[in-house]
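We just call them A, B, C and D in the order they show up, numbering each chain from 1.
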Amino acid sequence: MQESSKKIQVGIIGATGYAGAELTRLLMSHPCAEIAALGSVSYEGQKMEDVYPNLRGFCDITLTGEDDVVAKSDVVFASLPHGLSEPLAKKCDAQGKVLIDLGADFRLYEEADYNEWYKLPYKEKELHRRAVYSIPELYRGKVLETKAKIIGNPGCYPTSIALGLAPLIESGKADLGHIVIDSKSGVTGAGRNPSQTTHYPDCNEAFSPYKIASHRHTPEIEQTLSDLSGESVRVTFVPHLLPVNRGILSTMYVDLKETMELAALWDIYHKFYEKERFVRVMQMGEIANIRNVRMSNYCDISLHLDLRTNRAIVVSAIDNMVKGAAGQAIQNMNLVLGLPEDTGLSFIAPAF
Amino acid sequence: MQESSKKIQVGIIGATGYAGAELTRLLMSHPCAEIAALGSVSYEGQKMEDVYPNLRGFCDITLTGEDDVVAKSDVVFASLPHGLSEPLAKKCDAQGKVLIDLGADFRLYEEADYNEWYKLPYKEKELHRRAVYSIPELYRGKVLETKAKIIGNPGCYPTSIALGLAPLIESGKADLGHIVIDSKSGVTGAGRNPSQTTHYPDCNEAFSPYKIASHRHTPEIEQTLSDLSGESVRVTFVPHLLPVNRGILSTMYVDLKETMELAALWDIYHKFYEKERFVRVMQMGEIANIRNVRMSNYCDISLHLDLRTNRAIVVSAIDNMVKGAAGQAIQNMNLVLGLPEDTGLSFIAPAF
Amino acid sequence: MQESSKKIQVGIIGATGYAGAELTRLLMSHPCAEIAALGSVSYEGQKMEDVYPNLRGFCDITLTGEDDVVAKSDVVFASLPHGLSEPLAKKCDAQGKVLIDLGADFRLYEEADYNEWYKLPYKEKELHRRAVYSIPELYRGKVLETKAKIIGNPGCYPTSIALGLAPLIESGKADLGHIVIDSKSGVTGAGRNPSQTTHYPDCNEAFSPYKIASHRHTPEIEQTLSDLSGESVRVTFVPHLLPVNRGILSTMYVDLKETMELAALWDIYHKFYEKERFVRVMQMGEIANIRNVRMSNYCDISLHLDLRTNRAIVVSAIDNMVKGAAGQAIQNMNLVLGLPEDTGLSFIAPAF
Amino acid sequence: MQESSKKIQVGIIGATGYAGAELTRLLMSHPCAEIAALGSVSYEGQKMEDVYPNLRGFCDITLTGEDDVVAKSDVVFASLPHGLSEPLAKKCDAQGKVLIDLGADFRLYEEADYNEWYKLPYKEKELHRRAVYSIPELYRGKVLETKAKIIGNPGCYPTSIALGLAPLIESGKADLGHIVIDSKSGVTGAGRNPSQTTHYPDCNEAFSPYKIASHRHTPEIEQTLSDLSGESVRVTFVPHLLPVNRGILSTMYVDLKETMELAALWDIYHKFYEKERFVRVMQMGEIANIRNVRMSNYCDISLHLDLRTNRAIVVSAIDNMVKGAAGQAIQNMNLVLGLPEDTGLSFIAPAF
């Protein structure tokens, strides 16, 4: 008891969704954090381990309501439909709690963008000014400088894409008018609620894009690329539903302003990421595969050139539920709290 | 016996590979053809139904050698590693047999291209002059005019891509310098021989591109697009290995010279394909999925615009083993023999 | 038009469920039948091909109501929740239509059994007396003798089990008190409605039994085995959910009264089934696999002995949607109408 | 360096096989052990992380030979084809090293059994006398009493079966003449070497038993059940290949000597396992699923009765690569070294 009282008390709102369940699993083995409360609208009053039998023996916490979670926690993780995190942020702010928001409410700088893509206004404008959108590898400095207490945790696709393109965009060598992004995501990305699209026989042995050039992650992707380039960037982004449980692989096509050798491209990436624990720039000749990052917080990036058309082809792979959601949220918590960023996140992907 | 003696006698060389096995299955229900002989180097002397128990009760033919197959057949289908179809074509030609070659030997017009990508010369130059590369929807006229007896049956990726891009390229509205093709293929595309890449635990729950901007189907794709445009076209082509058995989905990104409405794009496609039995231009708003074409000879094409970047996005789906190999080979046979092109090919994709 | 007017007019009630969609697909290529109407409560007024895009170009029929289907059809196929086929049968009977019922209402002889397992009475007792439960291979004679017009089409598990055990049970060599049946079914067996259990990420990379020793197919299985043995038989039956789309494999363990050689067991099966088109008794040493029967109307049976414990082990494989549902329903229609039983059913399983 | 010198030095022979790769991954996070050397015949001289890119950044050890591994290690794990662990054991014994053998050489007490099933003699009879076969939950006492230094780590199927049946067999309530075991294993159980059976398109959407009543794990299963009952037990055991990467689910059918209530059966299991960290006896009504134990060292057991036939049905689920191989091997190492058995093994199964 005494030991645990020294630990950071964390709570999860939306604990029975997939991101919440993954957060629960990962936080169980975080050496400095302890789960104080788990919130769920659908399963309030039930035990978490009755909803997720994989947690049997680890988590006999009874699911509770949002206010209870906020009250008991130093850090609140929220995984909610858009529009619901704003009022929660107000509560957390009032009680001095840190909020790591896995939803969309604190990702976009401009209310106009949020309004265009999510059809809602920003009600709490002051909170939005203080919130920081954070892929730690790219926005770490901003989080530290502003001592942010509200973190907009990135979307899964934008994480895979921003990490994959950042060095090239920042280098100034990309033709910003010709960026095509073809992403493929495992089915956990669609969440826990059953639907026709995610019904096993409709999804298995099937493959298709969806929300073609109209996915809500588009403005988030463009926002980061614009930050990196200093210019307003527009991309074509097409996501696909992949018949696997976990993983996002993004294949990114970027016209180059001038010809370039692969070794030079590799150097740019290597330098950009050499101190990063969770980004692995693969050897020249290797190819990123979701298989090597599943269940881990790693992002693998492989680099390729189409010399015949003078295009760079960047391939990035992450686990959508870890680096693309729960793992990155914990990384952000570590960052906010001044812990080493990889605390509790050093698991290795299984090979199979 | 009498009835069957009127049927076209067909033979398959390389019958125990995946394309050969699929040809066998499909030809079994062709109303005008009868399998006269099946050839296999690996299984010569064994019965086909012992190698493929799904054929039990349908095919007790004993596998034999190449010469025997040629001798017994009016039409020879060959599914062989590159370099081996040239000498076979010579034999078929000498004996007046039709050859539908599912390999790469008769797909490229230019020896220089074949040499660059396959590292072999054209030995039988005269045969190459008479051979016709045929996606029937695009090259039907040439087959008929030249009364071709050697058909270069297209590769699986080029089929999905050429059918998907043909109307747009022919329309003159595409910026030919900015074509990016991201294709995803089921594992049968890798053939029947086991390898580490296709070992179930390495392949399942995994996803990755391969032969990035260096796949041998690239010159074949460019050859057809150049035919259609009248200009020399270069594309970026990246294939991926998809953890499903069958199907190729190609997502194709084409910059437009000028802005365009989706209805106008749809009209171009609708007109181009309105008389084609095996190409379905989907309704606006629908999205192509390999699920709807598996086990069938159909190519589904869906059309999309990214208005923000003025790009057309064309999605095509085929079954790599049917329209991408065995089915199209039979369609080519029908074409050469003057039969209705859909003879023996009217099977419907199962929904699941 | 004239040609089709000679064809048997068939209708499907519950056409948009999985069994209905499979019936639609298969009946499309039946040479003597024509789909006159398709009924659906959920999608009435929509076109079948809009619900199932795999049927695009084949089936532009607009979905309609039950009465319309009955009125337009000579033969009605019904795939409905239990309790709903009884009133339908009354309508069909009044209008002189044949009813092939894919639901549970006409499978059990005894009202007491139906009542125990389905919690409903038999309201139309006279219709139940005239209805015939028919796995054609086992009940063909009864269908013909009684000139039945109402057919209780068997359940998927019972089909795989009854065909697998029939010769051994009939031979009198089985210890009827020791029969254990372990079955595994693909996910289409759970139907088209999404649920948590069939949600892709919950189902993929998972495996589990369900309804252990309590599945409603148990009395149907026991009824057939009792018919075959002339005694009242009780079995232990445990179904499992298999992460594949299609197929049921049943592994059946039967204690033998006396020791026996494998060849003798094989002879019993071979004689029992030698004239059957759709049952393949595999060679000794071969093992049944759902892979070899998918998309076909075949049942593969392999035979094995555990000499150390004197048990026979019979393995049977079918496609649950074809021989286990839609295919067998068509086989029953052919039987009732006096057509060759395999009419429209001679498709071969693809090897992959 | 100093810190690591206090850690137990461990080595793995056969490190690039699946069990070896999983051992490597798990040992990386063991707080008291350090990998001193990795041995591989196939990849000697290469780096482990080049063979397994998921380990990139964690394991730049160069693969070496057997003698080097033994020399550098306090504890040697071996995952070798049968017959090769005997000479290795001799080396380890001579150098005072602990050997945890994941192969078959030290599992069977009786040379006659080994000879019958593996067609080899026991050459080092004295080592066999000192070796201990250990499922820790069942043989912990024997390991401690004998201070064993050679551990025969159990097979994957026997682990799932022995843990599932132990309480019932020990209770004396089972009819030992009527035990039927139907097991299903993920494809990693077949190892890393590609073969036709494990080729993705042959294995995906397929399902079949193999080695029916003739699998080499049979005598190992019977040995443990005989230990528990004090009688010679024979069972029927049939394994199946399941199209998932990981997991074994065993469905076990046991005739009961007398009728029994489920609560009484549950009590027997609960008492037997209440102090065990890695065995979870599920609540009555729950059903074991490989999904809840994947990537963990847990064995889930669910209990069921068929009251109509007076049979107990026990379902157990493990991860074949963890509790069925690498995890249990580490648990055995912990046991031998006097560490808490769960050291380095407390990971939770992901829910998806």
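In this section, a contact is a pair of C-beta atoms (placed from the backbone, for glycine too) under 8 Å apart; a residue touches a chain by one contact, two chains touch by 3 or more.
These numbers come from a predicted model, not from an experiment.
Peer 1: Quick check on the contact network: minimum steps from chain B to chain C?
Peer 2: Minimal hop count between chain B and chain C: 1.
Peer 1: Name the chain whose C-alpha centroid is farthest from the C-alpha centroid of chain A.
Peer 2: When every chain centre is compared against chain A, the largest gap points to C.
Peer 1: Counting C-beta pairs in contact, which comes out ahead: B-D or A-D?
Peer 2: Output for the comparison: A-D.
Peer 1: Give me the rotation angle that lays the C-alpha atoms of chain C onto its copy chain D, rounded to the nearest 5 degrees.
Peer 2: 180
Peer 1: In angstrom, rounded to a whole number, how far apart do the mean CA points of chain C and chain D lie?
Peer 2: Chain centres of chain C and chain D, defined by C-alpha means, are spaced 40 Å apart.
Peer 1: Centroid from C-alpha atoms only, then distance chain B to chain D, rounded to Å. What do you get?
Peer 2: Averaging C-alpha atoms per chain gives centres 47 Å apart.
Peer 1: Could you put a whole-Å number on the gap between the CA centroids of chain A and chain D?
Peer 2: Going by mean C-alpha positions, chain A sits 36 Å from chain D.
Peer 1: If I count partner chains per residue in chain C, which residues reach a count of at least 2?
Peer 2: Residues 18, 188, 201, 204-205, 243-246, 289, 291, 352.
Peer 1: How about chain D: which of its residues touch chain C in the complex?
Peer 2: 178, 180, 182, 184, 201-202, 204-210, 212-213, 234-236, 238, 240, 242-247, 249, 251, 253, 255, 287-291, 294, 304-309, 311, 313, 315, 317, 352
Peer 1: Taking the complex as given, what residues does chain C use to touch chain A?
Peer 2: For this pair, the touching residues of chain C are 18, 186-188, 192-196, 198-201, 203-205, 243-245.
Peer 1: Would you mind writing out the residues of chain A in touch with chain D in their complex?
Peer 2: Listed in rising order, the residues of chain A that touch chain D are 18, 21-22, 25, 28-29, 52-58, 188, 205, 245-246, 280, 282, 286, 289, 291-293, 295-296, 298, 300, 321, 346-352.
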